[in-house]
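Multiple structures follow.
You will see two complexes here that share chain A, one where it goes with chain B and one where it goes with chain C.
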Partner chain A sequence: MAHIPDGVLSAPVLLTGAAASAGLLAVALRRLDYDALPQAAVLAAAFFVSSLISIPLGPSTAHLLLNGLMGLLLGWTAVPALFVALVLQAAFFGYGGVVVLGVNTLNIALPALVCAVALRPLLAGAGPRALLGIGAAAGAGGVLLTAALVAVSLGLSGEPFLPAAKAVVLIYLPLALVEALVTGTVVSFLHRVAPEILSGSASRYA
Partner chain B sequence: MALPAFAGRPVTSRRPFGGPSGHWLGRRNPRLLLVVTGLFAVVTVSLQTLAAATVALGFGVAAAAAGGLPFRSLLKRLAALEALMAVLLATLPFTVPGDAVLSLGPLTATREGVHAAALIFLRANAVVLVLLGLLGSLEPVVLGHALARLGVPHKLVHLLLLTIGQIKHLDDERWRLRRAMRARAFVPRSNRHTWVSYGNLIGMLLVRSLERARRIEAAMRARGFQGRLYLLDDRHWHLVDTVSLVVLVPFLAGLLALDRLP
Partner chain C sequence: MPEPSPRLVGALRARSAPVFPDSAHPRRRLSWHGVLWGCLLPVLLAADPALAHKLNLFAAADGRRIQGEVYFSGGAKAAGVPVLVQNAAGEALAELRSGADGRFSYEVEAPVGHRIVAETPDGHRAQWHIDAAELAGAFAAAVEGDADTASASVQAADTAGSSPGPSPTEKSTTIGFEHALDPAMAAAIERAVARQVRPLREDALAAREAVQFRDVLGGIGYILGLAGLGLWWRCRRSQAGR
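So, the complex of A and B:
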C-alpha cells in the first residue's frame, strides 16, 4: 500500500518527488562511509525480507513497512538503504513503478529520517520501558507519516483523488498499531540481546 | 510470500555476471533494457487516451511474454499492485465531475470518471508488465552493474550489490526461525502474542545477520578487501542493441502521436 503505482500521480508531483529524493540521496551518500555499507546492506535486506512476512491483522493480513525502525537504527543511511530496497522491489516484484520511484522513496524515507532525527538521540541511556516506547513511537510514526505523505501525493495530483487519499489514511491506522508493537518489541529485543546495535557505535559495528 | 526465483540462485554462480541466457531478451545488453524501461515508463504515464494506453498495455504483455515470466507468478505480482489501485478504481468514477452514466443512491458515476479510472489501470499495468518483463528476469547483480554503467553513484551500486548478497541469507534465516516457531506450535493469529513474536523474529533476524556481516567483513579484510567492490562485467553493447533502440524510439514516438493527434 505504501507503493504508489505508475500512471496515477500528476507530473508536478512526480517531478517534485524525484528532485527531493535525489537531493536526500545525494546528502545521505556524502555522509555515508564505505565502512558502513555492509551494515546498511544487512538492514536494507532485512527491510526487503521482512516486508514479505504477512502479519495477520483482523480478517486480513498486512505487510510491515519498518521504515521507522530503519531510521532508528541507521539514521541518514536509511535513505539509500530504503531506496535500494525499493529498486529491488520494483524490478523483481513490480511494487510501485519507474517514474514514481522518486515519490515512493520520499514517502518512505522521509518518515525514516524524521524518526532518526527525533528519536535516535533518545536511545542512549534509555531504560527498557523507555526503549519500548521509543520503538513504538518510531513504528507508529513511520507508518502514519508515510500514510500522510501518500495521501498528500494523491491529493496534490487532483481533486478527484481526495476520497482515495482519506481511505488510505484510514487503512493505515490499524497497521500503525501493529507496527508500533512490532517495532517496540524489536527495539527492546535488541537492547537485551545486542545493545551495541542500538548504541551510537552501530556504524562501527559492521 | 515467497522470494522471487533470483533469491535462490547464488550470487557467485558459474556465470557470476549472468552471461547470455537462453532467450533473445536475455542476450540483450542490460543497459538497453534499463533505458527502454525508463523511456517506456515516461511515455506511458503521459498518455491521455484509452487507445494509446491500450497499445502500451499490449506492448507490456509482449514484453512480459518475451521476458519468459511464468504466467501465474506474473498474475500474483500484478495483484500486489492492486491494493491501492482498488481504492482508486472504486472512488474515481464517482469523484471526477462530468456526464452521469450511472447512479447508485447518492453517488453518481461519470463518463469522465470511468475514463480516468480505466486510464490509470491501463498505464499502471503496462509499466509494471514492462518492468517485470525486461528487468524482472535479469540477475540482480547484472542489474547493479548496468545501473553503475548508466552513471548511478558507485556507493549506491555497492550498497545494492551488498544488499542482494544479503537477501538470500536473511530469507534462509527467516525460514529457519519460522520453522523453529512452528515446531513450538506457533500459529499466527490476529493478536498481541503473534505481533510480539514477529517482533522478536525480526530482532533475531537483525542480530544474526549483523553478526554474520561483521564476520564476513573481517574475513574479507583479512584477504585484502579495501571496502570497495570492483565492477567486472563482460556484457558488451552489440549492434543488435543499437538496432533495437532505433526500432523502439519511433514506436514510442508513434504512441505519443496516436495519443496527441486528433
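So, the complex of A and C:
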C-alpha cells in the first residue's frame, strides 16, 4: 500500500525518507511554476479524493495513485502537490501518519519525478496513439516504482522482505494495468480537448 | 494584476474550439475509448465507494475469551491477516490468523492488559488495547466461586433484611449487594451486557473511522486555498517588481 502507517518502519528509514522528501520539496519549491498552480491544485484534489475509491485486489485493497499522471503533467510541481495531498489525507482520513509522511511522500513523489524526466520530453509532437502509450507508461511506471519503493522501505525496516515484496507486487500489478488505462485515456483526452496543456508541459520541462 | 498567461487564454480558446480538432476519424476513436471505459467502469462500480485503504481492528472480551475482527475501513473483511497478541509489557503471548470472515479469538490465560496487533505483509497495521479490568470479571468470578460462595449468600440474607429503601449508607449496601450476588451469576450478567454492548462499540468505532463527506470537502477546500495563496503571493511579487 502506498500509505504506510505509523509504527511499521524503523527509525533510520523514517529519517532518510524525511530528509530526502525535504530536499525534494526544497528543490521543487525553488523551481515552482506558478502557471501550473491551478492544474496542480486540481490534480492534488483528484489524488486526495481518489484514495477513497478502493478496489478490492487480492488479499488487500488498492486505489488509483495518479502519481504518474501528476508527474507527466506537472513535473517538479507534482512534489508539493503530492505532499499537500498526503498531509491532508493523514489529517482527514487517517491514512499514513505524521511520522511516516516523509517516506510516503518520497515513495509517491519520486516515481512522479522519474515519469516527468523520462516521459515529458516525448510529449511534444507525439501523435494521439503515441500519447496513449506515453500515458499508459506513466501510469504503470508510477504505480510499479511506488510498489518497489514501498517494498524496499518495508524490507529495510526489518519486515521479511520477500513476502512483503510479493504481497506488494501482487496488489500493485493489477493496479498498474488499471492505472495505465486511466492515465492513457486522460492524456489522449487532454490531447483532443486541450492540447496546449500537454505542449505546455513539454516546453516547461526543465 | 498581471494579464492572464497565454496558456490560460489558450485553454479558454480551446474550449470553444471544435472538440475533435485533429482527428480524422472521431467516431472510431470515440468507440475505442468507449471500449476502454466499458472495461474499466464495472471495476470501479463494483468497488464499494465507502471502502478505504486502512486496516482496522476491533476486539472485546467475552468471558475468558478475546474475540475480535480485522477489516478494512468501509467494512471489507481482512482474511488471513497475522494477529499478534501481547501482554502489557510487550511480550508475545500468541500468534493468530484471522479467518475468512476476518474474525479471530484468543483464550485468555490471566487477567492482565492485552495489546492486539494485526499487520499485513504489505504494511497495513492496526492495534487494539484490552484493559485488565475488562477481563477481571470472568477471573474474579472463578476465584471467588470456590471460596466465597457461602459467605456471599449469608451477606445476601443480611442486606435483604436490613435495608428495604434508600439509606444514607447506600454506597455500602450496593457494594454489599454486589458481593451478595452469586459470582457465577455476576459473571453471566457481565458477559450478557458485554455481548449486548458489543455491536454498539463496533458501530461507534466504524463511525469514528468512517470518512465523512465534510472531510472530503474540507481537504479540497484546503487544496484550493493553498493554490489561491500561491497565486496571490505571485501577484504580490510581480506587482512589487513592476
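Please note the rule applied: the second predicted complex is superposed on the first by the 181 of 206 C-alpha atoms of A that agree within 3 Å, B and C clash if a C-alpha of one lies under 4 Å from a C-alpha of the other, contacts with A are read in each partner's own complex, and residues count from 1 in each chain.
As a convention for this text, contacts are C-beta pairs under 8 Å (C-beta built on N, C-alpha and C of every residue); 3 or more make two chains touch, one makes a residue touch a chain.
Bear in mind the structure is a predicted one, so any value in this text is a computation, not a measurement.
Aligning the shared chain A places chain B and chain C in steric conflict.
In the overlay built on the shared chain, the residue A:128 is in contact with chain C alone; chain B does not reach it. Contacts of A:40 after superposition on the shared chain: both chain B and chain C are touched. Of the two partner chains, chain B is the only one that A:14 touches; chain C does not reach it. By the touch criterion stated above, A:195 is placed in contact with chain C alone, chain B being left untouched. In the superposition on chain A, A:109 makes contact with neither chain B nor chain C.
With both structures placed on the common chain, the touch criterion links A:149 to neither chain B nor chain C. In the overlay built on the shared chain, the residue A:25 is in contact with chain B alone; chain C does not reach it. In the superposed model, A:186 makes contact with chain B only, not with chain C. Residue overlap on chain A between its contacts with chain B in one complex and with chain C in the other: 1, 3-5, 7-8, 32, 34-35, 37-38, 40-41, 44-45, 48-49, 52-56, 59, 84-85, 88, 91-95, 159-160, 163-164, 167-168, 171, 178, 181-182, 184-185, 189, 193-194, 197. Contacts from chain A toward chain B in the complex involve residues 1, 3-8, 11, 14, 25, 29, 32, 34-35, 37-46, 48-50, 52-59, 64, 66, 69, 73, 80-81, 83-85, 87-88, 90-95, 97-100, 159-164, 167-168, 171, 178, 181-186, 189-190, 193-194, 197, 205-206. The residues of chain A lying in touch with chain C in their complex are 1-5, 7-8, 32, 34-35, 37-38, 40-41, 44-45, 48-49, 51-56, 59-63, 84-85, 88-89, 91-95, 128, 150, 154, 159-160, 163-164, 166-168, 171, 178, 181-182, 184-185, 188-189, 192-197, 200. Of all the residues in chain C, the ones that touch chain A in their complex are 5, 7-8, 10-11, 14-15, 19-23, 29, 33, 36-37, 39-40, 43-44, 46-55, 72, 74, 76, 78-80, 119-127, 209, 211, 215-216, 218-220, 222-224, 226-227, 230-231, 234.
For chain B in complex with chain A, the residues that touch the partner chain are 1-4, 6, 37-38, 41-42, 44-46, 77-78, 80-81, 83-85, 87-88, 91-92, 94-96, 113, 116, 119-120, 122-124, 126-128, 131-132, 135-136, 138, 140, 143, 153, 155-156, 158-160, 162-167, 169-171, 174, 188-190, 192, 194-196, 198-207, 209-214, 216-217, 227-228.
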